[in-house]
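What follows is a pair of complexes built around chain A, which joins chain B in one and chain C in the other.
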Partner chain A sequence: MAANPPQRKRIISDQEAENISRVEELAYEIKVSEVMTSELISFSPEIKMYEVLEVFRQKRISGAPIVSPLGDLIGIISMEDLIRCLIDKDLDSAINKYMTTNLFTILPTDPVIEASKKFVSTNFGRLPVVDKDQKLVGMITKGDINRGLLRALETDYQEEEIRKYRASHLFEDIESDRTSLILRYQIQQGDFDIGGQASSNIKRALIRLGASKQIARRCGIAIYEAEMNLIIHTTEGGVLRVEIEPHQISIDAYDYGPGIKDVGLAMKPGYSTASDAVREMGFGAGMGLVNISRCVDQMKLESVWGKGSRLKMRLFLDSEHKNKESENQKS
Partner chain B sequence: MINLATIIDKLELKVLTAEKDFSQISVKNGYTSDLLSCVMAGAPNQSIWVTLQAHNNIVAVAALLELSAIIITEGATPDPVTIHKANEEGITLLQTEQNSFHVVGMLWELGIRAEK
Partner chain C sequence: MNLDELVKIVDGNVLTDLFNKNEVILGGCGADLMSDVLASIEPGAILLTGLCNPQVIRTAQMADVAAVVLVRGKIPPETTIDLANDEEIPLITSPFGMFELCGRLYKAGLPSLEKSVADQSDCGCE
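For the complex of A and B:
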């Protein structure tokens, strides 16, 4: 990894852009008061530098404010100041000899982006947070900002997880003798541009509802083929209706014409009535219905020439049920 | 396993979609066909698909099958809407002037095989 560091890419992908803008948004949303440290270790102005050293060592801190008995901010002492003092071998001197008094402060009500800007422009590692009356109310470091942003991003993530969790418990949370969720999609004839949209939406819904990846994939393929059939072969499009139940998914694709002349022939692998234009796009392999039958547990195609077609598909979600069904079919 | 960065590099492919860290995208298998239903039936997930089709629906197919990338051959060029859709779905579109046979041969030499 170290030998071959990844090159910095100039173009940012949508995914990355999304994350960046969310962090930026948060930097404007979150207030300094939400991320600052308010339980402070502070020094009084008459304290000696060796005491500062001792406190830094014991409390594992690298900087602290100096405040007057009235709570007014006087200065800041940092590790750098302490090092200067150590080099001078001057630990017996008072803190006010080494502290920084040229202070940049920030208001607790400012967004953290303001603090970030000050860190960049001043090169300081920490900023005192003072209220309107110049009283010290906290300290903020770059680390505080990072932690605050990460915490907020984590909350975002948890919210999405909760949404997924809620969706996946939909069927358990609602009590009825038979609960089902019905999704309907109107498919336009000849609309290749949005072809595959319904199947990808349904696949996403299934994943959210807690379906396994395998089930979602099988459903996705079957519905895609049915969707493309409606786009390619119908006179005025049709409807995709998906009914999701805890134990099964039933998919209905129906249209109002022209219908299939010979259903048996249509089911034959490689048989297609697609036009040359459609074939040029890679459709019309004559494998659509074959793919569907491979992906679903039950399939029934009914059609009346001149009227329309109805393709019913079913996937069973619990294997016990599935085995029973296939036995029933055999007998 | 071979990653997408190696393939892009060795085959000198043009990346049509947004740049990402292609070294993190692994390619398990390869598949080629210009018939979408055949792809639906035959392309395993995380595979790379070689086709000369460049229209919108290749993205839908690749997204449903969770393919690693599509190599569009013979200089066929998808329109901006297709590229936009591919970015949305996180599908990488790659382009080459070479024909499919050539590309598949190169992929095979890199050690990419059809699913057994």
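For the complex of A and C:
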């Protein structure tokens, strides 16, 4: 066991600790074996209490298991036991007079939440970890659990941060006159179960590339509506193509049929040719294109009946560019 | 209102593994038409709906919905629950109907996060 860490000014109470949710999840995921101390200082049952005192002092520990020559766990000796012994001025007696034999143990395969529960219910500071043959394999303290959880949280956080960092530097690290990243997704007609998967991946990619939440949300909604259109209305599906540049995001949703008979009518709020089955799924109310137009800065729908449709959308990422474009459109 | 309080008010049953009871819910939106949700909901809201298909979760994810409550005790197909777990969107089922649920939550102080049609010139993200 490591030396006691220096006392911190603010100690998180059990009450507060209860409110940390990712920690709660991790407490179920992480096994006792991952956080326990397995290099143990243990005592044999014949040892005297003054020897215990010496070991506690030298190794700066506050408790240790007592193990038989065969490796079976017999008891636990803690600082409290040692204090009782000191009060009795009885340091010459054997360890078995003061050790605790009423033991609560835990399996190495248990999640750490089980250990936490036992700490709360027993008020003990440490638990021996024994395998299913009752052999001692380690010790676990509240400190071990906290350190394990913090380590796991850090790893979690770092993994996503590293992904974000790498992605967001993509445009800075590559030199060219104009750099863009193109994402393509094949969308199957009628495949409602995985409908939205492409949009979901695009939204995640944008966040990793450093897009703001608002931009990611606007893009996500527009692309999702376009993706559902490809699933609902095409004869054989279509393609989503997203081109990401530092100053803009251009999205193309195109298909090979059947095309739209009257583009003007299709753009009208409330107009839809969707089937009842599609309406039952919460779509096909003729709001898709209207929603898209609200979310993007530019939108253009071209279609030839019998051939196919192409919906072009564009979002500007720098406001300067956005203003210039809208002025151009006016003139 | 946090998610834990909300679950109590709607007498809800949480269907997903991940559930952050301290997550703050900013308001609510009730609709069965996903395009209406995409058009009107503001980020951080709870979505009350009678639809159970995976598209509800996709919609929630795109629109930054904090959690989804299924009305009238509906139990969604596995694919919906799996997707909710994957995308970390809490999914709750409540025995009450849409009107009752909206009423309970509104009375408990949860504001509406549905924009009216008049207020829809852009998607409200900024």
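Simple rule for what comes next: the second predicted complex is superposed on the first by the 177 of 331 C-alpha atoms of A that agree within 3 Å, B and C clash if a C-alpha of one lies under 4 Å from a C-alpha of the other, contacts with A are read in each partner's own complex, and residues count from 1 in each chain.
Convention: a contact is a pair of C-beta atoms (placed from the backbone, for glycine too) under 8 Å apart; a residue touches a chain by one contact, two chains touch by 3 or more.
Nothing here was measured: the structure is a model prediction, and the numbers come from that model.
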Contacts of A:283 with chain B and chain C, given as first, second, both or neither: both
Touched partner set for A:86, first chain B, second chain C, both or neither: neither
Partner chain(s) touched by A:196 [first = chain B, second = chain C, both, neither]: both
First, second, both or neither for A:214, with chain B first and chain C second: second
Touched partner set for A:162, first chain B, second chain C, both or neither: neither
A:23 touches, of chain B and chain C: first, second, both or neither? neither
Shared chain A surface residues [contacts with chain B and with chain C]: 192-193, 195-197, 199-200, 203, 217, 220-221, 224-225, 228, 281-283, 285, 287-288, 290-291, 294
Chain C residues within the chain A interface of the complex: 18-23, 32-36, 38-39, 43, 49, 51, 53-56, 58-59, 61-64, 79, 87, 120-123, 125-126
Chain B residues touching chain A - in the complex, by the definition given at the top: 18-21, 23, 34-38, 40-41, 45, 51, 53, 55-61, 63-66, 81, 87-90
Complex interface listing, chain A residues touching chain B: 6, 9-16, 192-193, 195-197, 199-200, 203, 217, 220-221, 224-225, 228, 281-288, 290-291, 294
Chain A residues touching chain C - in the complex, by the definition given at the top: 19, 21, 25, 192-193, 195-197, 199-200, 203, 213-215, 217-218, 220-221, 224-225, 228, 281-283, 285, 287-288, 290-291, 294-295
